[in-house]
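Here's the structure we're looking at; comments come further down.
For reference, chains read A, B and C in written order, and residue numbers begin at 1 within each chain.
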């Protein structure tokens, strides 16, 4: 009896003196990202940026929702660049892992399918990897995206072409046949219709087909002033190489929707990468202020220091996705899917990525900055006005 | 090999148990189940043309894809019901099987295999260029959340196709197919109408494969050429059928379930090394049990461990 | 003029396609093994030449023999150590086991080399010269030349050397060949090794005109299939012709039809040819 009393007293004392940890609750964000396989090179931006942003927000105290403090956690699966596997992993995240909300994969193809699963189970997803307009025009309620619409990718470039001398007259358009690039091509044709530029070649190629010789030969025969190209970064590299080996020159410039901002592009092509135009919705510009990272330049430096490679717009977009939740959840005051969904539809904040505000179908609208590779460096040359001097027109191959 | 009554009763009771899965309240298991059952159907359908008839088709994905697109186009472009969509998909596949089967089935062995491979790639590429099919982007089907429906439907098709195979196994039609497989010329000489038999087998195979394709399309709410005509599907269904035992009634189903489980377990636990281990499993399986799991089952009972050495001795150079 | 350039493009690329098919056709015709990992062998050869070029600075064309030797040894080991044990089982089994190899090799490549795309970019990569108003890329011409040379070399080997005669004898009649003292296990291994070496060469050349990643294998296997059958499994030069045929077909269809129909063309042609060729020109399955 005595022993029992002392033991219980001891236990009670122990319990009383145990420091009460300020337990913060966790909001888990889930995603299936391409960590291996063909798209792993871009997938890694998402994995690293998601984790980086979550860590930063947690470091600064997390967020407050309905009076309680929450920290974020990340649950990630490797979709192995397999769209079907990714879809099943999203279902697993929703139904088995019971995550709170979803983040997206890279690429419109994956995003199209994964967002269907999210919508099916009525869980909010903010994805930063799919730009195709079709993702958003399906009347889905729970899906938001931080990449600007594919149809508008060439808008700033075409704007620039119309303002600079010598005046361009003819355009050749070459695009792949996957959802993102078809979107780009459709949109570009619409934009061109409103200008005085003439579309003299309009070629679609099978994605993953590495040989452009026929298309390039055809394009060469039309002597276009401008070549606009849209596809996957790896194909872009091929395109430029084959352009050179077949001596195909655009009289004024060649511009590509993807690949140009990346270091891979310049490493693979060496000096041949010079003069190519590209675009990016984001540059690590100190004018882009951010609540957690300070500004985009600081984000880029911290990211590079931590991961050993420079972030590009994919990483920035991914960071913005996490921040969207960080702004919307406190505003919603609850973790209920419908309330959060409504809160996200209304957010309006400044981040290291850009000013984030979603339109009526859930997509953001950010203009592309036109960039050019000059002397092995990426130079931003145009948004709606000239920033740095572009090399225009571009010298032909035999004069370099 | 005909199955005895106890074997059939066992299979039937397992089917009944499987039918109750939606009520086990495990959503991930249900997802996995739908996938596994659909693969089992495809393996079993392949069994009819590849296992019994001996014509190794590497193009059943054609019929699967036709099933998906038939259903999708009917539902999306013409706003008809799911049932009608399934019917259209299956009909499309059977028609193509009949039309294409007649010239292609004249080819033997690897040439037939390659021709079917070519067929799959060609039909896939055709759909990637058809506006009504959404070209390379595909079509989005109406969203519905009835997972148990998809599961039970798929299971129903599996039961149907297995019963069909059972029927074939016991019928003169089946005997004819086996005769064609063993020695086509001899079969022709003894009066078997080889063309008729082979084309019929292909059509039946196409029918079931397309049904599963249609169900899959509505379930996933999305069709596009690369996933509908995915070449990996072909290899998967062939591997599962061969792993389990081609030319047997339950072999392909068993093979499909076992390999699906292994693959899923690997994918969710070791994730990245999953494909490596899967590849190794295949290599080892072919080396040590080239006649499939069912044959291993019988053979092991008879010979014990010597089964493996006997098999290797039989097939080595 | 446009057409002439397209034809030239098609021919030059076609030579490479033919070389790819060469290895597969040899193994298929002699050993009756359809190697679904052929594309993976091509990929391995590509990486070999890539690393020889980027780490050791050896010119890609000069690195080819080294890569070929390495692939020969690899292929020899695979045949002797694994495939020889199931060679006499159903064709389907060789298909499956080689598929298993393909999966494993692709995975290992991704593990070792990552999914990054590698380009073999020697300084002369973009050079070209004009002749008769056509632009001839130097590298593609070189690739074509090597492909042709290797095909010729294989043809001479098969026709003129003892080894070649032994290989042909084994292809015709294994039992009779045994009676003549041919050790089939060694011979099979040598043949498979040769097939792998040719695939390796094709890979190195492929890296010069396109990019290497662990995943290029699958499409290349399919293409090699198509060309091996079209060109016939008996004659190496037939494979080259088959390759050129497909190369021209692809290039012209991209121009006149649509680049997205290229796959339809190659496979469609394949099916048509298979179905319309007289049965007697096929080796009994």
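As a working rule, a contact is a pair of C-beta atoms (placed from the backbone, for glycine too) under 8 Å apart; a residue touches a chain by one contact, two chains touch by 3 or more.
Everything quoted here is computed from the prediction, not taken from an experiment.
A.B. asks: If you average the CA coordinates per chain, which chain's centre is most distant from that of chain C?
C.D. replies: The chain lying farthest from chain C is A.
A.B. asks: Out of every possible chain pairing, name the one holding the most C-beta contact pairs.
C.D. replies: Most contacting pair of chains: B-C.
A.B. asks: On a C-alpha centroid basis, what's the spacing between chain B and chain C, in Å?
C.D. replies: 31
A.B. asks: Any idea how many Å lie between the Cα centroids of chain A and chain C?
C.D. replies: Roughly 38 Å separates the two chain centres.
A.B. asks: Do you know which chain C residues sit against two or more other chains?
C.D. replies: Chain C, residues with two or more chain partners: 258, 260, 263.
A.B. asks: Quick check: what residues of chain B touch more than one other chain, meaning two or more?
C.D. replies: Those would be 125, 128, 136, 275.
A.B. asks: Which residues belonging to chain A are in contact with no fewer than two other chains?
C.D. replies: Each of 36, 177, 206 in chain A touches at least two other chains.
A.B. asks: For the complex, which residues does chain C have touching chain A?
C.D. replies: Going through chain C, the ones touching chain A are 1-2, 5-6, 9, 13, 110, 114-117, 119, 121, 125-128, 130, 135, 137-140, 209-211, 213, 215, 219, 250-252, 254-255, 258-260, 262-263.
A.B. asks: For the complex, give me every residue of chain B touching chain C.
C.D. replies: That would be residues 50, 56, 103-104, 106-111, 113-115, 117-119, 121-122, 124-126, 128-129, 136, 231, 235, 238-239, 242, 246, 273, 275-276, 278-283, 285-287, 290, 312, 314-317 of chain B.
A.B. asks: Which residues of chain C touch chain B in their complex?
C.D. replies: Residue positions touching the partner: 28, 34, 82, 84-93, 95-97, 99-104, 106-108, 111, 184-185, 188, 218, 222, 225-226, 229, 258, 260-261, 263-264, 266-268, 270-271, 274-275, 279, 282, 284-285.
A.B. asks: Residues of chain A touching chain B in their complex?
C.D. replies: 35-36, 77-78, 80, 83-85, 87-88, 91-92, 95-96, 109, 112-113, 116, 119-121, 132, 134, 138, 177-179, 182, 206-207
A.B. asks: Can you list the residues on chain A that touch chain C in the complex?
C.D. replies: Residues of chain A touching chain C: 36-41, 81, 177, 203-206, 208-211, 213-215, 217-218, 221, 234, 237-238, 241-242, 244-247, 264, 268-270, 272, 397.
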